[in-house]
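The letters A, B, C and D name the chains in turn, as written, and every chain counts its residues from 1.
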Amino acid sequence: MAFSKDAARIVIFEANTPAGKAFDVALIVFILISVLAVMLDSVDWIHDGYGDWLYAVEWLFTIIFTIEYGLRLWCIQNTWLYARSFYGIIDLICIVPTYISLWFAGTQYLLVIRVLRVLRIFRVLRMVRYVGEAELITQALVASRRKITVFISSVLALVVIFGSFMYLIEGGANDQFGSIPESIYWAVTTMTTVGYGDITPSTTFGKALATVIMIMGYGIIAVPTGIVTMELNEANRRRANTRTCPMCSAEGHSREATYCWRCGAHLFRREEQAAESSPER
Amino acid sequence: MAFSKDAARIVIFEANTPAGKAFDVALIVFILISVLAVMLDSVDWIHDGYGDWLYAVEWLFTIIFTIEYGLRLWCIQNTWLYARSFYGIIDLICIVPTYISLWFAGTQYLLVIRVLRVLRIFRVLRMVRYVGEAELITQALVASRRKITVFISSVLALVVIFGSFMYLIEGGANDQFGSIPESIYWAVTTMTTVGYGDITPSTTFGKALATVIMIMGYGIIAVPTGIVTMELNEANRRRANTRTCPMCSAEGHSREATYCWRCGAHLFRREEQAAESSPER
Amino acid sequence: MAFSKDAARIVIFEANTPAGKAFDVALIVFILISVLAVMLDSVDWIHDGYGDWLYAVEWLFTIIFTIEYGLRLWCIQNTWLYARSFYGIIDLICIVPTYISLWFAGTQYLLVIRVLRVLRIFRVLRMVRYVGEAELITQALVASRRKITVFISSVLALVVIFGSFMYLIEGGANDQFGSIPESIYWAVTTMTTVGYGDITPSTTFGKALATVIMIMGYGIIAVPTGIVTMELNEANRRRANTRTCPMCSAEGHSREATYCWRCGAHLFRREEQAAESSPER
Amino acid sequence: MAFSKDAARIVIFEANTPAGKAFDVALIVFILISVLAVMLDSVDWIHDGYGDWLYAVEWLFTIIFTIEYGLRLWCIQNTWLYARSFYGIIDLICIVPTYISLWFAGTQYLLVIRVLRVLRIFRVLRMVRYVGEAELITQALVASRRKITVFISSVLALVVIFGSFMYLIEGGANDQFGSIPESIYWAVTTMTTVGYGDITPSTTFGKALATVIMIMGYGIIAVPTGIVTMELNEANRRRANTRTCPMCSAEGHSREATYCWRCGAHLFRREEQAAESSPER
């Protein structure tokens, strides 16, 4: 097989050639099948009937992914940079567990092997890499990370306080509120409007407090929603409006604009602006 | 009865004449009654008491809808185009099941007939056709389809990973988390804040992880909300700025614009446009 | 007691005099107490211990509200207009049940009387009248009523279709999905993310479909949120921006603006605009 | 120990010096550990095994916080102002319970002591003080407080009315709807989409009404979300437009403004302002 490092790198790491695209699609299909195999193997009756087949499938994909990981290390320019990167580590985590399961093959370790197996689910994470539209969302979430932190801290504080109060109110009469941590678990369940119903208040006062927590949780969801909406609007507006008119400095041009909306001067697309610098018409 | 193809087509396919409107309203009423009949027939005591009546109603509406379908095929200009269209197929699906139930009438197929019957529920879908305001919403949803796909993919990845972790944590101690697919079902239930409570964590560590998933699901709902809100704002803004350039007919001018963003021609405020037609100032 | 019709009308129907405000506050307190009395009377042990007292309280408030209703009819200019208005009807409904309970006083009608009693809860609705900030919200909700109707119709159609499918899938194996209406009830429970857990899928395929419904319901909530947010933004923008510059016709002035942001010309507040028409400085 | 009042005040009350920052971080860590100790002590098996250690930890932190409270009182300029402030009262509440537990040490008061202990959870609230990003959110919530009040009042009215109707419908057939307050508790559970499932309708009509409440609750959440989003956008817009008028110092100019909206003076773009200071063009 005679292919150069560069050709391999373009196929494996980039997706804008037909070969590169085919490689990526095949990889996604392989990842999905191997994840499905791990999932099915956890169902008892499937494991009993087809366990050997699934074991073979698991080894097949582990070998395929190992070869792929080797190729990635070989053809990338800066090997160490890739190996330390987020996806480099995930690529490694996705193949190691199967090999480790060989060493610790004693019956008593069976459950542990299962744990390692499930870690291969991380392969799913690699799918995100292939989606390009995530940019705007990520940008908005990064911009709102501080506000979201404040929000989550407030929710956690509320949940701890309400959980403790609920323990005081219900603790004596109701076994379900057996300790403060369990009451906090209940408060999270209630405030996030999940409401399993495995723990429910039984006293009148407890139900009254639960009512307050529910309405609070119902209303508080408006805050992160507002934050993310605001930041998405901002990110969207910024993307559209980074050009200023060379004559009157007006901003707010729509993305397709060729002429300034205020003075009618000629505008340049960003690429033009970057390429040449002659501001005359 | 002597009515032309064209007159029939206007009554059946269009809704801006009194006759066409009456036809559409009658059709909606008929669809709703027939759907109601199918629904009521599934209730045991109603089926025992009034099953024959409902069977008659079902045949009556099937015949009415068959005649209607025939008229549609007859009066439309391009018969094949209609038959292949979305609504053409639904119109057909809504009448076929009753006829098929005649062929497979053996007692052992009774349940299957029931299945076919319920497919007639698709008639409900035809109601959407009559609602005109859906345009803006559809436009916003189409514009945000890529972002929504990214979002749903992320949620699915999270749900698979969290479900697998939960299986590892709870799997031994808790029969409810019997396999990874069931744990994923639980993770979806929790992350979407539905929270049936048919599967709940019992270990301390499981409850801690459940708390994390709940708060994550509670916060993540902000993302699709932000996306749709942004796109609805965009769609609304575009619709509001319908001033078109007198030279190049470009649309999408911002409200303060004086010059066309595409060709640089002078624009007029709506009042000016309405009042006078002299293009000088 | 010598007070004129006009003076009484200002006290009873308006809230911008000290006497009128005191009257309204007293009325709200009375309404809340009487509602509380009805609510407490439904609790068995309170009814057994204090039923007579609560019965007396009910009659006391019924008489007070009857006198108030009489005064409203007497002092209003157009009696019939008030009597037919929304609040006029509610005012009547809030006193009638207690009187009817005298006629139907037999033991076998006791439960019916209770029903009539509870209708007095409508008094709560009158509280809305006293809150002024509801305007903007109402405006936005009215503007979005068509879009909300489209949205609710879509949700109902989805719920009917998914409920019917679920009946087909789970109906045989699971008693909880006993009929299509019950399955639709379950589908509503799931799609709105309420998730009681009184009906849950038990088959693998049913759980898979439930997962789809949950994620759909989780995402679809973004649509009404986006609609209301858009309309609130619109209503807010409209309220701020109805003034145009008399010189350059610029719009988009902030609510407190005195001078045009584009040409610096003097602007008039809305009241000024209404009062005088001299456009010079 | 020779340190001045001023130096101590800067360390204790401010966080922009290294010493002040270290003090604040240490305090947060101490608060979190003491809250954790209270929480763990409520778990039965931890209390049995390590109760004495946790008792010692509680006293240790109580003494530390008492010294800290004393220092705060000593070094602040206006002692009484601090003692009456929100954080001053919380600081006091966080240390008092442990001392009171000495007086009421009889076995029969053990539970009461526990209650007082849990009040120390209020220490968590102090964490909010250290987060600076909360400003924008708080601003938006304050601006929308009236609209939120209207919304919550409407939800409460709906919940009372629907709860009462449900009591009438289900009350006879279903023990779970034993009184109006319990039915209201159920209505809150349903409308906020929490859905415990401890109380569920059993009659056909009850399920139908429950369906209406669920869809209503599912849609109504859009209102507070819209309100908060609008106010966040407003607060963000105000913050972004911090250009001040050189004549009258007015803020809140729109991005395209050339003239001050309050006094009509000529405004400069930010770049101009930064580059030159000559007010003519």
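List of remarks:
Here, a residue touches a chain if its C-beta (ideal position, glycine included) is under 8 Å from a C-beta of that chain, and two chains touch if they have at least 3 such contacts.
Bear in mind that the values here come from a model prediction, so they are computed numbers and not experimental data.
Both subunit A and subunit D derive from one sequence, and where they touch, under half of the residue numbers involved are common to the two copies. With centres defined by CA atoms alone, the chain at the far end from subunit D is B.
The distance from the centre of subunit C to the centre of subunit D, with each centre set as the mean of the Cα atoms, comes to 28 Å. Distance between subunit A and subunit C, defined via averaged C-alpha coordinates, is recorded as 40 Å.
Those residues of subunit D in touch with two or more other chains are numbered 151, 181, 184, 193-197, 217, 221, 225, 227, 229, 233, 256. If touching chains are joined by edges, the resulting network of the protein chains shown connects every chain directly with every other.
Residues 35, 38-40, 42-44, 111, 114-115, 118, 121-122, 124-125, 127-128, 131, 133-134, 136-137, 140-141, 148, 151-152, 155-156, 181-182, 184-185, 188-189, 191-198, 217, 221, 224-225, 227-229, 231-233, 236, 255-256, 269, 271 of subunit B are the ones that touch subunit C when the two sit in their complex. Across the complex, subunit B meets subunit D through its residues 193-197, 225, 229, 256. Interface residues of subunit A facing subunit D in the complex, by the touch rule stated above, are 146-147, 149-151, 153-154, 157, 160-161, 164-165, 167-168, 171-172, 178-181, 184, 190, 193-197, 200, 204, 207, 210-211, 214-215, 217-219, 221-223, 225-227, 229-230, 233-234, 249-252, 262.
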